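Two complexes come next, and they have one chain in common, chain A, joined by chain B in the first and chain C in the second.
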Partner chain A sequence: MNVPHRQAWLRLLTAAVALCLLSACTSAVGEQARRRSSGEPVDGGTLRVAALTDLIPASVFGQSSNGGNAVIGLVYDSLVEYPHDSLEARPALATSWKVAKDGRSIHLELRDDVRFHDGKPFTSEDVKFSIRTIADPKWAVQLQRTAAAVTGFDTSDPHAITLTFDRPLSNILDLLDIVPIVDKDTFSQVKAGTGYNGTGAFRFDEWKPNSEISFSRNDDYWGGKPHLDGVDVKIVPDPQAQAAGIRSGQYDLLLGATARDAETFSKDPKYEVLDFEGATQQTYVGFNLKNPDLKDVRLRQAVAFAVDRERILDEVYRGEGIAQNLSWSPGSPAYDEKAAHHYDRDVDKARELVDGLGSVASLPLQYIAGDPTAEAVAQIVQANLDDVGITVDLEPVEYAQMYQRLVGADYDGLWIFGHTYAQYTPATLPVSAYPFNAEHNASNFLSPGYAAHADQAWAAAAPDGPKAKRAYAGLNADMVDNVWLTDLVTFWPRLVTTSAIHDIDYTKRTELIARDAWKDQ
Partner chain B sequence: MLSYLVRRIPSAVGVLFAASFLIFLMLRLIPGDPVDALAGQDATQESRDAIRADLGLDKPFWSQYVSWLGGLFRLDLGQSYRIGGDVGDLLRNGALNTVVLTVAALLIALVLALVTSLVAVIRDSRWLNAALNAVNTIGLALPTFASGLLLVLVFAVVFPLLPSGGTPPEGYLARPDISVQYLLLPAFCLALPVWAGLSRFLTEALRSQLRQPYITTARAAGVSRTRLVVRHALPNALPSAVTVLGIQVGTLLGGAVLVEQIFTWPGLGSLIELAISGRDYPVVQVLLLLSVAVFVVTQLLTDVLQAWLDPRIRIGGAR
Partner chain C sequence: MTTSRQLTRPKALAGLGLVGFVLLLGLVGPLLAPYGPLEQIEGANLVGPSPSHWLGTDEVNRDVLSRTLSGIRLDLLVVFVAVPVGAAIGVLTGLLTAWWNVADVLTQRIFDVVLAFPTLIFAIALSAFIGPGVWTIAIVIVALEIPVFGRLVRTSVRTVREMPYVEAAQVAGAGPLWVLRRHVLPNSLEPLTVQLAVSMSVAVFIEAAMSFLGIGVQAPNPSLGSLIKDGTTLMYDAPFLALGPLALVLVLVLGLLLISQSLSEAHRD
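Right, the complex of A and B next:
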């Protein structure tokens, strides 16, 4: 065999040095580093976002994913918008609206200066198509039942629409806040992930599955030209990689920072942590009532009294949230402080309930395998229950199986999972959030009283009127008395950005809004 | 030779058919449903039924299998349920990234192993040997997830010299200087155990060659130690090292799955992880069948090569 002679080695060395010099020409990190702050909003720059989960085109309107939420928030507008801290809807594509006294219709005046990204004017026909799309079960949107209850569309005026319902809908404004206004003519591209034609501040450019989604500024945006040139969303499924990426100047904004990382970043002046308290989510312990032991409400109540919600909030969520056993936040019309803290930790009461039961068999507690948050919560719950004489066996379950068991109402005993939708009109929770669904839920809890209260809440014409409030009081009593699940913590997303990024916003459904955002130059 | 090859092909095709059926069946037997993963927890039964029909999962098992197989024959790999897009496109993009990463890692491992082994044997210094031994041991013992995070911490966070992850934004060819920087950390992380293993083996092989009589003769003729090692010992030590390298390539491909996760490198490893967790049947089926096909083709080529090198195998096969 021939051996490379000295000249060959020299050539190799020269090539290596040349490559090193070439590498030194432009630094990939230098290209990414943020520029100096000027203090005033300025135009230009691309927002570089790290997202944990990619867009899922087949369920872009239904299931929440970081990538999908970025598409909805950046590309589309809705008819009305809720602020973070209340349910007082603000105009968006609809300039004004009026709900009929009987709650069976709503008339909306629409903006007449709006065009889709392809130049097509926005009209009432687009509203009709969008609501009908959401009503299609194929998209599995949480408010599908509400959308399906919209049965009449008067689109005679292109800039106004009257929607009529087959029953009074107290949560109609929730639907109008959630429904993205889509374009009928280009809608076939949505499911393939090849095109998203909206009226929003940013145009969809390209999606590379499992890699990135890119958007560019919509210069003709009806709300004024956005400051940013574009938004690049990179799919970074590991929170640690996200944290390293923002520190190394690769990203401007993290959509998946852990509570611990967010806490660390909040102490560093180079970063900002934004709390979106209106977009609440809940972690809960569920009980399958088909388990013979869990049929006895005293055992469920004992668990609810035994869990140390404050400890879970402090240790797992780093104090950012509310420890309470009901889902409503203090701003909700259904909020009742006494009911929300009915099951504040009381070890003596829990023991008393357990003693009254005689012997309690060991219970399985299932949670998502590989999810550090769920694992930490499960360990605390296990220790808390052990304190009162209830033994639980921790059983991590793969995510897809966890979903299958939830949907099939097929857990072995207890489980830990998350839910949302308590941030909307209270009727939306028992109508649309599966763990609370009065007709069919993961706990196999069925009660004519609860179903009646859910229906009354849904039918109330005024969501904060006396009739509605009576229904909410009934719902709260049902939840406290029957405890088919008990909330542990209400928390909200925490976004981490570099201090060079300003005026980022979020919807109640955690969709990214960047129409006013700007980046230091 | 040709007839030998022709005789082996039917069994290879049979294995592929059997594998396609087993893969298709097994995926449907494991718990978890793509419809649940797609519909989300709050979907109604009506929604689930509509999605199931939309994906064609309401059809009988055999009908689904035949339809998938027919698609494969037409080179239509189908559409991903959950990730979205054409499975062929997903596969091409993922495979390109994985191949670039593994080839870069292989080159790094090869060059480093060659340089360190030659330096260790030529200099033959106690301290140098001890240092290289320590580096080799660390390279072999350190799990990829630990070395990866360490590399990110040092070279991307503490000293922000290189990107912490991702692929070059403008592709590999548009800006080679940028591409090299994106590749360095993940490729080095992947190369580390291969370099350590190969370097250790090559050093020993070189030392063993230096104890051979032909080296003693050359040394007596006044040949310098550098020339002895490079010109005489290395050519004789390389063939066995190549065998070891072949085995290490498997390690490299397996390690790529983890490295892709750590460095957010969208290759086949991260694709299959995503597809399995979302029960994305079309993607998982094709990826598993592809791995079986690679194995079958490799076996076939190995058999053919052996038959070509050793006529006894051909004759035995003819009986």
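Right, the complex of A and C next:
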């Protein structure tokens, strides 16, 4: 009988080669030593970017994917811009603005020399359309509630606009910093991913799903012609492949380096690691209160006391961040050191709380599949909870599904994810961020007291005035007492470039800006 | 030549030695392991190989040697349970359907469909429906082995049933099931044992590849494939992490292939 022996060897050989390629996809290509710049910007060259997650057109304004953030940062402008380290807005498409004394309207003067990429002039009608788009729930944008509070638009002057609100909005400048100004006439292309017509420094050329997004220089950019010829964003969902790619000269910039990779690159003079200071993000454990076991606040408090935040910060985030259970950074007017460390690790207290519950059922803990950082955090949390008698089963979930569950508030039990918006005016977090939104959040936590504190913070005329601070104190107490989520680490993303790349910038939402960037030739 | 005699050839002995070594490690290793496979050791973050941690520690402070020894068990489960189960179902299906033409045609077309998918594509598609995990690996291996063994035994049935002694048995009143059990199955055993050894070595690769791609064993549980995956994510910072599991996969596959090759050579002789 003819036994398929040769074929079996061939199959094995093929499988072995495939496994080796998968496991050792580091290139043997030598790393090119790149000369450092003399300091004078030079024109030309294409910035080659590796991104972890692709653009999702249907949620381009809501979801913080690397691809989506590249489109927003490169193609669009906003009305104002926050610097990295403060909330003092600077002019962008708006040259000046004035908030009414009653806090219920704002008047903005707009630039009159701006054109969209298709040549159409930018006007106040585009501002109205952009804010209304963000206010449309179908885009599932986190600032939707704030945008929806803008009820009146005076567009009688094409180069000025007055926005009227249904209540005083302490975070109106956050909205104006975040909302990308889109062109209403070509907007139908946005959801299909076929066209993004903005006023930014780069024109959108093409999107190849799960492959790349390409952009070319906007020679007519109102802020001056960019130095780079273009930007190519490749979707590389594996951080290890990104790291190998930049080492072999395939990429100039990584948007998905892990903290450990960034630490390694920071020691190598051929690379630069930029800290996205001011664009802080948080990793947290969330609890879905629809899960019967998690309805009991004692279990949630036990989890909050059990997790070892310092270890997660040191070992996973390589010490680049702050281990605390609340989101505000020390510079925020809402920061309260005592509240931020209320749940510092206390295993005895956690065990005591668990003992008081009697038996605790095993709970699912969901996290982003294929994300080494999320997986490491999840495993540490699992071990921490096991120490105090809480059993959790790890369930990796695809990123897009994690996001859908966040928006739909239908996680099975606990989950680990990231959030942002604590770097903005404090009202923005409880009013607009999915995990915190007082009207509808991912944990299904609803409380009249919390909603009232969120409204008070939202309406406070001065975000750091006494009225606002009282509201923040109330919010902090709500968060500490009710623990519908517990932050683990506040950190800032780190971006890796080769040393041939200069003057890369970013927004407070970690959107890539390359209008002044240049590349050694 | 009997199977026991075939296994005394030097090549077979070497194969048995290698497989036996891994088997022994899998069976007694976890009892000797210095730490639990899930135990996170305080302060031992990504420590290199040392007398305390022979294969170092991973990103969440677990002893890689202890995890590797524990991970072997999953591969042994795959090799010695999933493959035989798939083989048994495949042999039974092949035997029973090959005798009757309509059933044979139908079964062969189903086998064609299953075999048309590359292994990993099939595994990815299946894991999309039932989720990743040990059971997914087992189901993939069983599903892939059924047509392989079914085809093999079918060829035997088609050949043997034309033999004069089978015709004589039928004339004497023997039914198909008796003929299959008495004449066909014994004549198919030698190629089946060779295929079994080959399939076992392929199964090790399937487990490793599936876990590497994240559709096999899930964190925090170890398998040789998931340990290789963990090692490669930290290849620049800790190149030592994947070495132990890679070496064991190599030893196990090599051992099984030597056994199968030896059986095949003996069969040809």
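Basically, the second predicted complex is superposed on the first by the 407 of 521 C-alpha atoms of A that agree within 3 Å, B and C clash if a C-alpha of one lies under 4 Å from a C-alpha of the other, contacts with A are read in each partner's own complex, and residues count from 1 in each chain.
Methods note: a contact is a pair of C-beta atoms (placed from the backbone, for glycine too) under 8 Å apart; a residue touches a chain by one contact, two chains touch by 3 or more.
Note that the structure is a prediction, hence the values are computed from the model and not measured.
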### Query
Now for A:210: first (chain B), second (chain C), both, or neither, which partner does it touch?
first
### Query
Of the two partner chains, chain B (first) and chain C (second), which one does A:193 touch, if any: first, second, both, or neither?
first
### Message
A:138 in the overlay: touching chain B, chain C, both, or neither? Say first, second, both or neither.
### Response
first
### Dominant toucher of chain A (residue count), chain B or chain C
B
### Message
I'd like to know which partner A:240 touches here: chain B for first, chain C for second, both or neither.
### Response
both
### Message
Going by the contact rule set out at the top, does A:419 touch chain B (first), chain C (second), both, or neither?
### Response
first
### Partner chain in contact with A:404 - chain B first, chain C second, else both or neither
first
### Query
So which bits of chain A does chain B touch that chain C touches too?
1, 3, 19, 22-23, 26, 240
## Note on the structure
Listed in rising order, the residues of chain B that touch chain A in the complex are 31-33, 36-51, 54, 80-85, 89-90, 93-94, 149, 152-153, 156-157, 160-169, 175-178, 180-182, 230-231, 234-236, 238, 261-264, 266, 270-271, 274, 277-279
### Message
Considering only the defined contacts, which chain C positions touch chain A in the complex?
### Response
38, 40, 45, 59-61, 119-120, 132, 155-156, 159, 188, 190-191, 194-195, 198, 201-202, 205-206, 208-209, 212-214, 218-220, 228-229, 231-237, 242, 246, 253, 257, 260-261, 264, 267
### Message
Using the touch definition from the top, list the residues of chain A that touch chain C in their complex.
### Response
1, 3-5, 8-9, 11-12, 15-16, 18-19, 22-24, 26, 239-240, 243, 260-261, 264, 314-316, 369-370, 372, 375-376, 378-380, 382-383, 394, 396
### Query
Along chain A, where are the residues that touch chain B in the complex?
1-3, 19, 22-23, 25-29, 31-33, 54-59, 62-64, 136-140, 142, 144-145, 192-193, 207-211, 232, 234-238, 240-241, 244-245, 247-250, 398-401, 403-404, 406-407, 417, 419, 421, 432-435, 437, 440, 442
